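Multiple structures are listed underneath, in C-alpha cells.
Below, subunit A partners subunit B and then partners subunit C, in two separate complexes.
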Partner chain A sequence: MTAAIDIRGVTRSYVVKGKPDFMALKGIDLTIPRGEVHALLGPNGAGKTTLCRILSTVLLPTSGTVTVLGHEVVRDAEKAKQCLGVVFGGDRGLYNRLSARQNLNFWASLYGLRRGERRRRVDELLDRMGLAQRADERVQGFSRGMKQRLHLARGLVSDPGVLILDEPTVGMDPVAARDFRDLVRELRADGRTILMTTHDMAEAAELSDRVSFIDDGNLALTESPTTVGNIVSTRERVDARGVPQEVRDRLTGLAGVAAVSETEAGVLRVETEHSEATRQVLMTIVAAGVTDVSRSRPSLEEVYLHLIGRRGMAVGG
Partner chain B sequence: MGIHALRVMTAVRQGFIVARTDFAWFYTWKTWLGGWLVRVLCQVAFYSIIGVTVGDPDYVVHVVLGAALMICVAESLMTVASTTWDLNLGTFPLLAASPVVPGGYYFGRSMMWPLSATATTSIAIFTMSLFFDLHWTAADVPLVVVLVLLTSFATYCMALVIGAVALLAPGARNVMSAVVTMAITAFCGAVVPVDFWPSGVGWAAQAVPVTHGLNAIRHLESGADLGVVARSAGLVALVGVVWLTVAMIAFRGLFNHSRRGSASLS
Partner chain C sequence: MPGFGAGFEFQIVAMRGQADTYFSLITAPFFALVFMSIMEYSGRTDLNSHAVIAPMLITMWTAALSFSGEMISEDRENGRLESLIAAPMSFAMLLFGRLCACMLLALPSFLMSYLAAGSVFGYWLSFEQPLLFASALVLTAAATAATATALSAVFVIAPGARSVQNTLSFPVYLLGGVLVPVSQYPGWLEGLTRIVYLSWGADLLRAATTPGAELENTICYLVMLGLLGATAFALGRLFISRFLQRARALGALAKE
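Presenting the complex of A and B:
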C-alpha cells in the first residue's frame, strides 16, 4: 500500500531581494503511513509552515518530490488536492460577510460536492464542531476559537484522506482544545492521516503516533512520543514529594541509583540504571510513608529542549 | 470538456455568492438609490450642462451618452479592487490549495459591479434624455439596456485582467484603476472624439470595449440602420471575449506564479 505522505529530498529556497536565496528547507525525507497522526515540532522559522504549504500544493518545492496518497503534488496537483484537507492556523481565511454555513457550502461546492451530499456534509460538520446554533450568523462576529473550528470544518468538507493542520489550536480555549483533541482521535479512528504542526508539547505527546523535530530546515529526528525520551536519557526515574532527608540519604546509597536531585518544582528525582534499582527505590520511598510518588520518563518538552537547545527568543536562519 | 465546463460554472456561481454578499454589505436599496445613483446622476448632469454651454445640440447628445457610459466604465473598474480582496481575507492560499478554476471564480467574484453598472448607466441615460432632449423609440429602450449590459461586461472582462495585475501589486490597485479610468475618459470618445488624438491612440482605443459601446449607442440614438448598431455591438462582444480569454489565462498563470512563492500572494 502506498504511504499517505511521502516526502523525499525536499528543499525549498525563498528569493529575498538583495540577498542570496534563503534555504527554508534543506532536504527533508519523511514517510508517513496511512492512519498515522504525525506532529511536526520545531522553533519559529524552522520551516514547518513551508513544508505544510508544499504538501498542500500551495507552494512548489525547489527540489525533491512529495506524494500524497500516491499523487505527486507538482505533476498531479489536481488529484492530490482532491484527497487533501488543509487548515492553516489563525483566524484569517474565512469570508467574514458570509455565514458559517455559507462558508462551508462555498468550499464544498468548489470541491465538487453535489447539492444533497453537500447539505448533509455541511450540517454534519456544523454539528460536529458545535457551530450548529450559530450556523447562519456572519463569521465576522465569531470569536477566534469559533473561527478556528470553522476552519477545521472547512478542512474536512471534502472528506479528505489526508489532513494538513498548521497550528490548528492557536487561540483555542482549554475546552475547545480538548474538544479538538477528541476530534483528532475521531478522525484517526476514521482512518485519516493527519500531519499537524504545534508548539504545544503536551498536545503532540497526547495525540500523535510519531513526532518529527525540524530545526533550521533540517529534520532532526522522527520518533514515537513514548520512546523519544530515550534519546535524552536511557535511565529510569522516580519522582516523589515530601521525602524526609534521612530517606534521601538512604536512596543515594542504594545500588544502581545514578543520581538524586531536586527539580525546580521541588520534586525529588531519583534516576536509576536498571529496573531492579527502580523497584528498590520505590519500596524504600513507600515504606517511609510517602505516597506522592510516580515513575516518569523524560517529557517531550525535555527532548525538545535537549534537541533544539535553550535558544530562547532567538530565531534561526 | 463537460466536466470542465461544470467546474467553471461552479466556480463562477460560488464567486458570485461572495460578490452578492459583498455588494449587500456595501449598499442597501436605500443607500444605492439615495447615495450612489444620485451621485452618478449629478455627475452625468454636470458634464451634460457643460455640453450645453458649447451651444451645439449634437454635441450635447454626444456628451450625455459619453458621460453616462463613463459611469459604466468607472463602476465596472471597481473590479480591480475587489479582485484583490481575497489577499486581505487570507482566502487566497486556500483557493490555491483547492481545485477551483481561478478564472471562473474571479469572473463571479466581482460580478456585482457590471450588474450595478448596467442599472445605473441605463437609468442615467433615460433620465438625462428627458432633460437634454434625446429621443428613443419604445423599441430602442430594451436595445439600450442590452448595449449597456454588453459594454459593462466587456469592460468587466478588461478590468479582470487589470485586477490580475493588481494581485501582484495590491498597493498600486487604486492608482491603476484611476489611471485607466482617466485614460478611457480621455481617449475613447466620451467627450472628445477618438480621431482628435494621434492615430496610435486611436488604435489603442479599439481594444477598449466602451469605444465600440459608445459608437453603438450613438448610432442607435441617431436613428442609424440597426445593422450599423449591430456591427459596433459585435465589436464590443469580440473585444470583451478577447479580454476574458486573457483574464482566464492570467488568473491561471497567477496561481502558478503564487506556487513559486510570490511574496505578495503568500
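Presenting the complex of A and C:
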C-alpha cells in the first residue's frame, strides 16, 4: 500500500542577501504509513515548519520529492491538496470580521462541499470543537485558544485523509489541550494520518506512534517514543533527596556508575550502566537512611535534550 | 468554475458586515446631480442618460481599484494566503468571483443616480432596450472584475504600482468614455480608447437607455466587450500564476 507521506532527499535553501544560502532542510528522508500519528520535534528554526509548508504545497523544495497518498506535491499539487488538511500555527489566518460559522462555510466551499453537505459538516465541526454556542459571533472577539480550535475545524472541514498540524496546541489552555488530544485519538481511530509539529514532549509521547527529531535541517532520529528512550539511554537512573555528601562521594566511585549530578530541583541523580550497578546504588543510598528514592528511565523530553543539546533560547541554523 | 462560486458567496457575506464597503455609494447621487446640472445648463438634455449611467460606471471602477489593491495583500498580511493556496481550487477564479461580487455595488449606485436625477431634475431614465441594457451591464461588470483580477496580481507583484492606484481613476474615466462618448474625442484618441473595455460598455449602456439611439453593430460591441474582458482575465490568470510560482519558490506567501 502507498505510504501516506513519503519524503525523499528533500532540501530547501533560502537566498540571504550578502550571505551564503541558508539551508533550512538538508536532505530529509521520511516515510509515514497510513493511519500513523507522527510528531515532528525540534527547536525553533530546526526546519519543522518548512517541511510542513512543502508538504502542504505552499513552498517548493529545492530538491527531492514529496508525495502525499501517492500524489507528488509539486507536479501533482491539485490532487495532493485534495487529500490534505492543513493547520498552520498561530492565531492569525482567519477572517476576524466574520463569524466562526461564516469562516468555516467559506473554507468548506473552497473544498467543493455543496450547500447541504457544507451546513452539516460545519455544524458537526463547531459542535466537536466546543464552539457551537459562539458559532455566530465574530472571530475577533475569540480567545487565542478558541481561534486555534477554529483553525483545527478548518483543517478538518474537507474530511482529509492526511492532516498536517503545525504547532496545533499553541495558545490552548490545559483543558482545551486535553480535548485536542482526545480529538487526535478520535481522528486516528478514523484511520487518518496525522503529522504534527510540537514542542510539547508529553503531547508527542502521549499521542504519537512515532516521533522524529529534526535539528538544523537534519532528521536526527525517527522511532516510537518508547524505543527512542531505550536507544538513547540503556542507562537506568536513580533519583534521591537528602543524600549526605559522603554518600555522594561513595556513589561516584561505584563500578557501573556513569554520572552523578544534581537536578535544578535539588535531586541527586545517579545514572548507571547496568542493573547490577543500579542495585549497588540503591543499597548504598538506603543504607545511609535515605528513603526518598525513585528509579526511572529517561523521558522523551530528556531524549530531546540529549539529541538536540541544551540550546536554551537559541534558534537553529 | 472551481473557486468562483466560493469567492462570490464569500465576498457578499464579507461586504455585508463592513460599513466602509458602502462609502463609494455615497458619491454616486452627487455625481449624477453634478453631471445632470452640466447637461441642463449646456442645453444638452439629449445626453441626460449619460449623466445617470456614468456614476454607476464610476462606482464599478472605484470598487475594482479599491478591492483589487487590497485582496491579496490583506490575505497575505493576515496569514490567510497560505491556507487559501493550500486549498484545491483556482486562486484566480476565487479572486474573480470575489471581484464580481464587488461589482454588485454598481446596482445600488445606479438606483441612487436614477432616483437623484428623477427627483431633482425630473428626468427618469427610460429603458428602451432592456435586454441589451441587462447584457451590457453583466458584461461590463464581468470585464471590470476581470481587469481588477489582473490589477490585483500587478499590485502584489510590484508593490510600487499601488502608489499609482489612485491616479488610475480619471484616465480610465476619460479613456472609457464614462461621461462623454469616445466618438466625440479627436480621431487619434478615439483609437486608443477602443482598447479600453469600458468604452464599449458605456456606449452599449447609453444606447440601451437613450430614445432613438442605435449602434451600428450592437453584436460587434458586445463581442468586443466580451473579448477585452476575457483578455484581461487571461492576463490576470497568467500574472497570478507567475506570482504564486515565484512566492512558492522564494517562500514569500506568508508575511510575518
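By definition in this document, the second predicted complex is superposed on the first by the 255 of 317 C-alpha atoms of A that agree within 3 Å, B and C clash if a C-alpha of one lies under 4 Å from a C-alpha of the other, contacts with A are read in each partner's own complex, and residues count from 1 in each chain.
Just so we're on the same page, a residue touches a chain if its C-beta (ideal position, glycine included) is under 8 Å from a C-beta of that chain, and two chains touch if they have at least 3 such contacts.
Values in this document were obtained by computation on a predicted structure and should not be read as measured data.
*Asks:* Using the overlay on subunit A, decide if subunit B and subunit C clash or can fit next to each other.
*Replies:* Subunit B/subunit C on subunit A - steric clash.
*Asks:* Taking the superposition on A as described, I'd like to know which of subunit B and subunit C A:L94 touches: first, second, both or neither.
*Replies:* both
*Asks:* Taking the superposition on A as described, I'd like to know which of subunit B and subunit C A:R188 touches: first, second, both or neither.
*Replies:* neither
*Asks:* Looking at the overlay, what does A:R210 touch: subunit B (first), subunit C (second), both, or neither?
*Replies:* Neither partner.
*Asks:* Both subunit B and subunit C contact which residues of subunit A?
*Replies:* 14-15, 53, 56-60, 78, 81-82, 84, 86, 88, 90, 92-98, 102, 106-107, 109-112, 154
*Asks:* Which of the residues in subunit A end up touching subunit B in this complex?
*Replies:* Going through subunit A, the ones touching subunit B are 14-15, 53, 56-60, 78, 81-82, 84, 86, 88, 90, 92-98, 102, 106-107, 109-112, 154.
*Asks:* Touching subunit A in the complex: which residues of subunit B?
*Replies:* Per the stated touch rule, the residues are 7, 10-11, 13-14, 17-18, 21-22, 24-25, 89-91, 93-94, 96-100, 105, 258-261, 266.
*Asks:* So in the complex, which bits of subunit C are touching subunit A?
*Replies:* 2-3, 5-6, 9-10, 13-14, 17-18, 78-80, 82-89, 94, 248-251, 253-254
*Asks:* Residue numbers of subunit A touching subunit C in their complex, please.
*Replies:* Going through subunit A, the ones touching subunit C are 14-15, 50, 53, 56-60, 78, 81-82, 84, 86, 88, 90, 92-98, 102, 105-107, 109-112, 138, 154.
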